[in-house]
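My questions all concern the structure below.
To keep things simple, chains are lettered A, B, C, D, E and F as they appear, and every chain counts its residues starting from 1.
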Amino acid sequence: MSRYPAPEIKDLPDDIRAKVLEVQEKAGFVPNVFLAFARRPAEWRAFFAYHDALMVPESVGRTSNLTKGDREMIVTATSAANNCLYCVVAHGAILRIRAKNPRVADQLATNYRKAEITPRQRAMLDFAMKLALDSGAVGDEDIAAVKAHGFDDEAVWDIGAITAFFAMSNRLANLTGMRPNDEFFLMGRLPKA
Amino acid sequence: MSRYPAPEIKDLPDDIRAKVLEVQEKAGFVPNVFLAFARRPAEWRAFFAYHDALMVPESVGRTSNLTKGDREMIVTATSAANNCLYCVVAHGAILRIRAKNPRVADQLATNYRKAEITPRQRAMLDFAMKLALDSGAVGDEDIAAVKAHGFDDEAVWDIGAITAFFAMSNRLANLTGMRPNDEFFLMGRLPKA
Amino acid sequence: MSRYPAPEIKDLPDDIRAKVLEVQEKAGFVPNVFLAFARRPAEWRAFFAYHDALMVPESVGRTSNLTKGDREMIVTATSAANNCLYCVVAHGAILRIRAKNPRVADQLATNYRKAEITPRQRAMLDFAMKLALDSGAVGDEDIAAVKAHGFDDEAVWDIGAITAFFAMSNRLANLTGMRPNDEFFLMGRLPKA
Amino acid sequence: MSRYPAPEIKDLPDDIRAKVLEVQEKAGFVPNVFLAFARRPAEWRAFFAYHDALMVPESVGRTSNLTKGDREMIVTATSAANNCLYCVVAHGAILRIRAKNPRVADQLATNYRKAEITPRQRAMLDFAMKLALDSGAVGDEDIAAVKAHGFDDEAVWDIGAITAFFAMSNRLANLTGMRPNDEFFLMGRLPKA
Amino acid sequence: MSRYPAPEIKDLPDDIRAKVLEVQEKAGFVPNVFLAFARRPAEWRAFFAYHDALMVPESVGRTSNLTKGDREMIVTATSAANNCLYCVVAHGAILRIRAKNPRVADQLATNYRKAEITPRQRAMLDFAMKLALDSGAVGDEDIAAVKAHGFDDEAVWDIGAITAFFAMSNRLANLTGMRPNDEFFLMGRLPKA
Amino acid sequence: MSRYPAPEIKDLPDDIRAKVLEVQEKAGFVPNVFLAFARRPAEWRAFFAYHDALMVPESVGRTSNLTKGDREMIVTATSAANNCLYCVVAHGAILRIRAKNPRVADQLATNYRKAEITPRQRAMLDFAMKLALDSGAVGDEDIAAVKAHGFDDEAVWDIGAITAFFAMSNRLANLTGMRPNDEFFLMGRLPKA
């Protein structure tokens, strides 16, 4: 699964095991990231707390100007720029489901400029990609450009913080050589029966 | 302090205010990151929990093969590569203190290859810099190269995870335009009286 | 389909229409490249003659040291490096079928270094990627490195010429903004019934 | 002449030998590309058919908005960006003759922005260079910019397709280590007697 | 001090020794560059003559539109872009003194876009950085942009020539591995007593 | 001739005018750099003193392990990497004469790895190019690699200092938009009558 052996579910701390089993129940399998990062429980807890605060804002009592699909688009496009196999495949799968579009994840992963997205989403991704790839050059003019598409201060924070969080995740996945579960490759590609 | 207004200390949630006051007590001032990120309490809690799990391993009951100075070297060198003003100045200050060397932070921030460090630290930073700048190209040969200098699996994880965490922090600081407190610029530059 | 209107099948020159109908018969649809490039019949004929000479060597009375899967791997990996949506999606589909592996195309498109391939294929792609991205730096030592994995002079020519041909195709697709047919996205992802 | 031994003229297939002798008659020597690529007759035929369709449009019953000099400028400038010795020297020679200017090839090969060319040619080369070096980023705004200088849809296709064809040629020449004939270095540098 | 042994002061040619002693008198120590480059007296004389003509214009009977602080800003920012430890540390020290600002050198060395400088200085540094990093792409539009901030022809020459001179100095320092004197690290950081 | 008007020969300071007339006598024309830089006499004097100390070592009583041809090769190759039209054309001409080879300058300017040079010259240029393009990464291993080809400490200094000097010259030429004299394009291309 990765360069580091993953713990077995039965050996996990209670709170982590409970979350893992909940995800398994819901998804039908345990995404590798839940086990690969569990070698270090304190880091696991912080990682998923941060992830949920950004990707599931309602879990922390917050609403967001970004849709679920928007968030996964940011993850997929910036993770592709970072050549992160796990994140592109896993979040590409989630994006297909969230956006109800079986093509958009592959499009974003190859060339976000050619994807079937709105001009607003294009502006969102232009900003995210610049922050991902050359964050020191991000200036007020970049923030103004994305705001011109209707993103407010909080939405800009969301775009930027998701990009930043996955800058970390991508490097963790590339550090550990974490592989995506086989299940992700096909998820969201077929019409619901 | 940053593109986003920071909350006042008195308006912070209790747990965050307590931590902020504790830091203020110890350092003599409140580093801007503690207030700038407090606009979003859930993210703040995850950020600092993650930070402490990596940078203060004993706080989560773990020991590490890396010294305090090693850790700050990783932060300073990779943050410079990401042109992150806050992180270079703030962690450069901490590095001067931890390493008891008033020059090494400026050296690492300009060119880590020319710094007064050991060959082991050079190997550590070669690995961290590759992960910071081109993580998709990190391969088993890079891990073998750093292990050849005596870093074990856990130490490699530490180097990589600290690099990854600051890949995130650097982007958050560049997103918000967060500035370092004036105090950091001089810290650790003078011999203790 | 692209920035340039494609001709209708009925208006094509006889030889081109015959080939298009043959492909349609076999694949169940007409891949967009066959129509998009048919605006210019002389270029179309040269393009497909070249394509077939490299990708279907037996069509010109030649055998090759590369398997069909090898060839499509080169196309998928180098086209991803060139951010070519059409080529990654269309040839990724063909690769899934040729390699009888529903995951390898997405892996190669994201990070060829992390794909489920043999060391020989990895050496083949290291060479192809260097030629795709920095051909002026290719030297005798690169050729020796790929030959060390059992590729002979003709196989090296094949790897290089396929890479070169798709350096052209990728730029033509990006010039015209050619989009992949929807059919390609799912091809080769499901086990044969 | 190159990493691969070239066939002798007497051993070439009839159609290729006829073309080679025709070129020799006209130029006074056989440019190396005609022999180096003849090891593979099917590829040779496709290569030169494609070349002529783009570089000698009247040979396929087409006219073009680009002059002969324009076309060679695209080849020289983009081949220099790809560090292709054969193409810069051979097509630089042809450019000197076509443009009746003994300096412009060296100027374009060193820095196309400083060459003695018209603003229209500068716009043409800006477009060609972006397609050569970062084709995935070419967007509608780039096409609009070149059209603003009077290039129509067909001329844009010409610029782009020539750039794409030489993206292939440059990589083939760098793959094979093909060297330019000595004759090219001086061609077009002296006033006609 | 560097990869090359430096001569001793007593062994220097008279004119060089006089200058070295004068600098020592003034600064309280001999900056390493004065000894490291003295191995080659003819080059030393040309280097410092050039340096003074640009950095101390009044020494050659010239006035300049740039302040002393402006000049040191150019040196510090472009030397950081070239990862030159000696120049960043030594000229950063001089900048702190000239600009009477203990923070601006560290800011410029990390990310000149985030420094406490005027819009005029930002335009000056945008121009200097482009010339330092991609001089072949500098065009009339870049010169117009910097002139729009009130720099005249002579000031543009000054910005450019200082950038060019330190492009040389940075490479000389990186060639010789020249280290900054310890004294520079603290200079200009403390309020004058 | 350049973005800045050049002074007339008659208006030059005596020492500069003498040198200019001497060059004109010898070459048959005045290379533009002699007039373009004469707007600033103090800089002119330092520039040519430095140039001669490096490029004409016997003028300062020094011998060098590098041949005249070696020195011009360094200038031509690194100036091409910096897209400096003046330096590539002018020094390419001198190189043709010094090396008595009408092809080598065009080869080096396009791709130094493909030029007709010795392995020793290739090692010299590998070192020069790294110093030109990424001087901060030059380390002891690079110096050892060039020394392995028989260059001693002084020769390494020569290679590096010439590279550094032209890093400056290239930027000055690109700053001023200085153009090469027409005479240079043909110099050294014809056999001596």
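The rule we apply is simple: a contact is a pair of C-beta atoms (placed from the backbone, for glycine too) under 8 Å apart; a residue touches a chain by one contact, two chains touch by 3 or more.
Please read these numbers as outputs of a predicted model, since none were measured by experiment.
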Third chains touching both subunit F and subunit B: C, E
Interface composition of copies subunit B and subunit E: same or different, split at half: same
Listed pair (B-F, E-F or B-E) duplicating the C-D contact set, over half by residue number: E-F
Cα superposition of subunit C on its sequence copy subunit E - rotation in ° rounded to nearest 5: 180
Computed distance of Cα centres, subunit E from subunit A, in Å: 45
Approximate Å spacing (C-alpha centroids) for the pair subunit B, subunit D: 52
For subunit E, residues that touch 2 or more chains besides their own: 83-84, 111, 113-114, 136-137
Touching pairs - complete list by chain label: A-B, A-C, A-D, A-E, B-C, B-E, B-F, C-D, C-F, D-E, D-F, E-F
Subunit F residues within the subunit D interface of the complex: 80, 83-85, 88-89, 92, 102-103, 106-107, 109-111, 113-114, 177, 179, 182, 185-186, 189-190
Contacting residues of subunit E [partner subunit D, same complex]: 136-137, 139
Residues of subunit F touching subunit C in the complex: 111, 113-114
In the complex with subunit E, residue positions of subunit F that touch it: 3-4, 40, 42-43, 45-47, 49-50, 53-54, 60, 62, 82-84, 131-132, 135-138, 140, 143, 153, 156-157, 160-161, 163-165, 167-172, 174-177
